[in-house]
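Same chain, two partners: chain A is paired with chain B first, then with chain C.
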Partner chain A sequence: MEDMIFYDRLQFAFTITFHYIFPQLTMGLSLIIVYYKWRFLKTNIEKYNNAAKFFMKIFAVNFTMGVVTGIPMEFQFGTNWAKFSELTGGIIGQTLAMEGLFSFFLESSFLALFIFGEKLMGQKLHFLTGFLIFLGSWASGYLILATNAWMQHPVGYEILDNGKFVLENFSKLFSNPWLLPAFLHNQLASLVTSSFVVASIGAFYILRNKSIEYGKLFLKTGVIFGLVSSLLLAFPTGDWNAKNVAKYQPATFAAMEGIFETEEAGAEIVLIGQPDMIHKRLDNKIAVPNILSFLTYQDWNKQIPGMDQFKEEELPDNIPALYYSYHIMVGLGTIFIAIMALAVFFLWKKKLYTLKPLLWAIMFLVPFPYIANITGWYTAELGRQPYLVYGLLKTSEGVSPTVSSGNTLFTLLGFVALYMLLGLLFLVLVGKTIHQGPTSQKH
Partner chain B sequence: MTQTLISLISIIIGIIGANLAGLILKKYTLGIIGNTIAGVFGSILFIKSFGRLGFDPNAIMKLGNINLYLFIINIVVSFFGGVIAVILIQKFKKVMS
Partner chain C sequence: MEIFWYIIISVVFAIFFILDGYNFGTGIIHLFFAKTEKDKEVIAKSAGLFWDFNEVWLVAGGALLFMAFPTFYASVFSGFYLPLIMVLWLIIFRAIGLEFRSQFNFQMWKDIWDKSFGVASLLLALFFGIALGNIVRGVNLGGIENGVATFELHYFFLPLWNSTFSPLSETPGVIDWFTIIIGLISVVTLAIHGANWIILKTNSSINNNLKSVIFKLNILLAALTFISLLVWQIVNPNSLDNFIDKPYLIIFPVIYFLGLLGLFFIKKFKKDIYGFMLSTLVILGGITSSLASLFPVILPSTNNLSEPLTIYNTATSEYGLSVALGWGVIGLILIAIYLIIQKKLFSGKVDKMDYGH
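Moving on to the complex of A and B:
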């Protein structure tokens, strides 16, 4: 049984990690495309229109890969997590079906119109199709987050005698206090990824001395969007999320912050340290006293329960992984603010386009927002353990009892091979698009 | 669970079909990026639409082992899904412009 759960979780972790490479870019990029299209409508300067169309090509490749890698997710609910689907299908089925029916179709239908319909529709309708793509992708994120928010903080449900969860109040699913902060934080994080991608393509063009006009435009857009979104990511949305975790999942909060022992007067914030699970302490830690209490409760001396206040079974089952995921996410987020602030400063000083070390840094930083986004999701998912539905349904109760660990391992290896192929194809297609550059076609 | 792998394999076959169609029927090609996207959506559309006739991934694995005949039908349909998608999208593109 232990083996089964391990491989089922491993497979889900692998497939969702790979899948989330794509939607995190499409959600943020759709907003930047709408911005370029709006700028074109306002100014009638062709380069904005070409920028919108160029990034829509990258969007299309990402969207397609997101669809392909999303299929195993859908299947896994039935194959690996049949018991979970059976028990909670009455609730999560609502939001997941809405995601597929409304958001996905909205996005894919208008994507085709945006790519092919500019001449036929005219510029205003073309802008509208871009806006509807943005709406579809963000609605998709909202409905996925609504599903996850219910798993993190279940509301509006009733449990029947047979153990099945049914929805008692539909509106509570969308007014879940977990949902809005998680949604805003997630969307801003995806905007950070997109900003870095846009800025790094710009930096690449400038460094290669190719499509300089577009290089400057992309870099400027990327760093401004990047600074604003990474600041908003930390505050208020990151702060709001952390407060939610402290309120609704206090054991998770203690674990992710690395608080092994409750301190009488105010909790310190740990910047660096290594969890030692045998001696229940943090080794080699660097911490600032009382800051965590202040950030969480605006009270320097407020006591925050440590892990010693909870029973073993209430704590997440992989504390080091949770702790590191959270700290990597926060650490990278801080670096993003610093880099983008520096870039905006040099943009204001009119030196950014010639400052090669910073251009190289921006170009090579592009994988890191992806890592931050994914570790952010690991924090949420590892923090919820050992539950699938927090406090109500354990992960061990949700797996499919008839699927063997050998079967899961076999298909996992298959996924690894196929995803490597898809990943390679993705890199070729995006590389080709970037190499071709934004074409200066007249509309 | 093998069903999921089958669905991914059939999408990859759709991509191959679409790119081959673009290579052979030059007037319909959408470029490697366009052909690939068309291949993905064509194969998904065809398998979702016609797979119910008895060759969708669940039917292929119904008895516990892979039914090779059904698998081959699935692959062929997926391949043509990719090919037809390229042709249709090119026609759609012409209409739109």
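Moving on to the complex of A and C:
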């Protein structure tokens, strides 16, 4: 049984981590594409139009990968988490099915129109198709976040005698206090990834001394979008989410902040330290007193319950992983603000395009926003443990009763092998598009 | 309300099989009949341009099923664990084949991915047919052995096959001689459908040849249909009851046979679209007839201890279903609009169209 839960979780974690490489780029990138297309309509400068079309090619590759790796996500609810599906399908099925109907059809239909139909439609309609793709991908994010928000903080449900959750109030799914902060935070994080990708391709073109005009454009767009989104990511949305965790999941809050013991008065904020699960303390700690209480409650001396206040079975089951995920996310987020602020400063001083060390740094930093996004999601998902539906349904109660651990291990290995091939394909396709450059007419 | 969602979901899945079905069929034809590089390229292109739009229907159908009939979704997806995951792998593998093929201009490279596209398509057609066979035949709900249930009565886990290969066994496997017959029907039907798609969408040099291929395959399909109707009675003796009680349901088998008969005249058609429409009728009629013969059951039980799964004992609450009706109708209207716009742009042959992304 323990094995079974472990493999089911591992398979879901692996497939969702791989899947989320793609949507996190498409959501943010669609906004940047709409921006370029809008600039083209305003100024009629061909450069902007080429930029929009170039990034739509990269969008298309990511969208395809997102679809292919997304189907296993939906299937796994049934194959590996049958009990969870049976009990909660009446609720989370609503938002997931809405995603299918409202987002995917919108995105897939208009993506083809955008790529093949520019001449047929004229520029205004072409802009409109770009905007609809943006709308579709953000609607998709919204509905997935609505699903997750319900699992983090269940509302609008009723539990029947047979244990099934049924919908009691549809609109409450969307007025869930967890939803809006999480959605905005997630979309901004997606925008940070996209800004880094755009800036990184720009830096690459400048350093390679080819398509320089586009290199400068991409770099400028990337760092400006990047600075704005990484600032908004920390404040107010990051702050807002942390407050929600403190309010609705206090045990999670204590674990992710690494508070083993409740302090008399205000709680310190931990910058660095290693959770020591045997002695129940943080080793090698660097912390600043009272800051956490101030950040969370605007009160220097407010007491924050530590892990000692909760029963063992209410605490997340992997505290170090949760703690590290959260701190990696926060640490990277801070670095992004610093590097983007630096880049914008040199852009303003008109030195950015010749400042090679910074260009190299921007180019090679591109994997890190992906890591920050993924560790952010790990924080949310590990933090919700040991529950699937917070406070109501344990993760161990959600697995398929009929599927043995050996089966899941077998399919997990299969997914690993297949996704390696898929990852290779992805790199070839994106690499080729970048190599051909923004003025290439090939699709 | 259950009936409404049952119909909507059946329609969404039928559309998936009609749309992605031509892709599977195109893959099968590509595997066996495309010889010159020019034909191979244009046939792969006729599938490659559209596969991700077709896949969206599978996502939508699955999610709607999850929302409306969560117990059925949970039971069937976990019960058919291995075959379903293999279907996922094949879907991914097919996509890789189609997208990789044109990346390098190197003959052996293209051959490898052509074959993977073809074989994955063939297996997918076979697996989906076998899946339909399993739904019609029923499963050992509750995992009953010697009168004792292994699982809750609405769960099951099927082995891939058992030693007897018989659908009449107490504990049937996924693959037996009945489900294989249905699987073959699926392969032949989709091959015909794919050939019609190629004729409709390309100017490949084998188009004329394909018409006689369709004619021959259709003879095979008629023979398989005849056999399957006989054994269907053995496997599921009550399968005609619904048609006797509600004679209007006869329309579904009639659709199937209209398509089947019409395809014998394939060589006489002036317009390419007729063939494609007839094979669409065959798929539509085949799926709807099978579902109509079971209604309101959606998964029969092969033992006497467990109740079969029906649309009533697997559905979510009335409130959930009616809320979903509101947004569902809006969503479907929007989809219809997108399809009309898309059709206007993508009509005509694909030979000259720029490929891929």
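To be clear about the criterion, the second predicted complex is superposed on the first by the 439 of 443 C-alpha atoms of A that agree within 3 Å, B and C clash if a C-alpha of one lies under 4 Å from a C-alpha of the other, contacts with A are read in each partner's own complex, and residues count from 1 in each chain.
Rule of thumb we're sticking to: a contact is a pair of C-beta atoms (placed from the backbone, for glycine too) under 8 Å apart; a residue touches a chain by one contact, two chains touch by 3 or more.
The model shown is predicted, which means the values in this text are computed figures rather than measured ones.
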item: Clash-or-fit label for the pair chain B, chain C on chain A; value: clash
item: Which superposed partner A:46 touches (first chain B, second chain C, both, neither); value: neither
item: Chain B versus chain C as contact partner of A:109, first or second or both or neither; value: second
item: Touching partner for A:119 - first (chain B), second (chain C), both, neither; value: first
item: First (chain B), second (chain C), both or neither touched by A:90; value: second
item: Contacts of A:61 with chain B and chain C, given as first, second, both or neither; value: both
item: Which superposed partner A:75 touches (first chain B, second chain C, both, neither); value: both
item: Contacts of A:414 with chain B and chain C, given as first, second, both or neither; value: both
item: Chain B versus chain C, judged by how many residues of chain A each one touches; value: C
item: Colliding stretch - chain C into chain B, listed as 220-228, 256-264 or 346-354; value: 346-354
item: Residues of chain A that lie at the interface with chain B and also at the interface with chain C; value: 57, 60-61, 64, 67-68, 71-72, 75, 79-80, 108, 112-113, 116-117, 120, 403, 407, 410-411, 414, 418, 421-422, 425, 428-429, 432-433
item: Interfacial residue positions of chain A with respect to chain B in the complex; value: 57, 60-61, 64, 67-68, 71-72, 75-76, 79-80, 108, 112-113, 116-117, 119-120, 403, 407-408, 410-411, 414-415, 418, 421-422, 425, 428-429, 432-433
item: Interfacial residue positions of chain A with respect to chain C in the complex; value: 57, 60-61, 63-64, 67-72, 74-75, 77-80, 82-83, 85-91, 93-94, 96-102, 104-106, 108-110, 112-113, 115-117, 120, 164, 166-168, 170, 400-403, 407, 410-411, 414, 418, 421-422, 425, 428-429, 432-433, 442-443
item: Residue numbers on chain B that touch chain A, as the complex places them; value: 1-5, 7-9, 11-12, 15, 32-33, 36-37, 40-41, 44, 89, 92-93, 96-97
item: Chain A partner contacts - residues on chain C that touch it in the complex; value: 52-53, 55-56, 58-60, 62-64, 66-71, 73-79, 81-82, 84-85, 88-89, 91-93, 95-96, 99-100, 103, 143, 151-152, 155-157, 316-317, 319-320, 323-324, 327-328, 331-332, 334-335, 338-339, 341-342, 345-346, 353-357
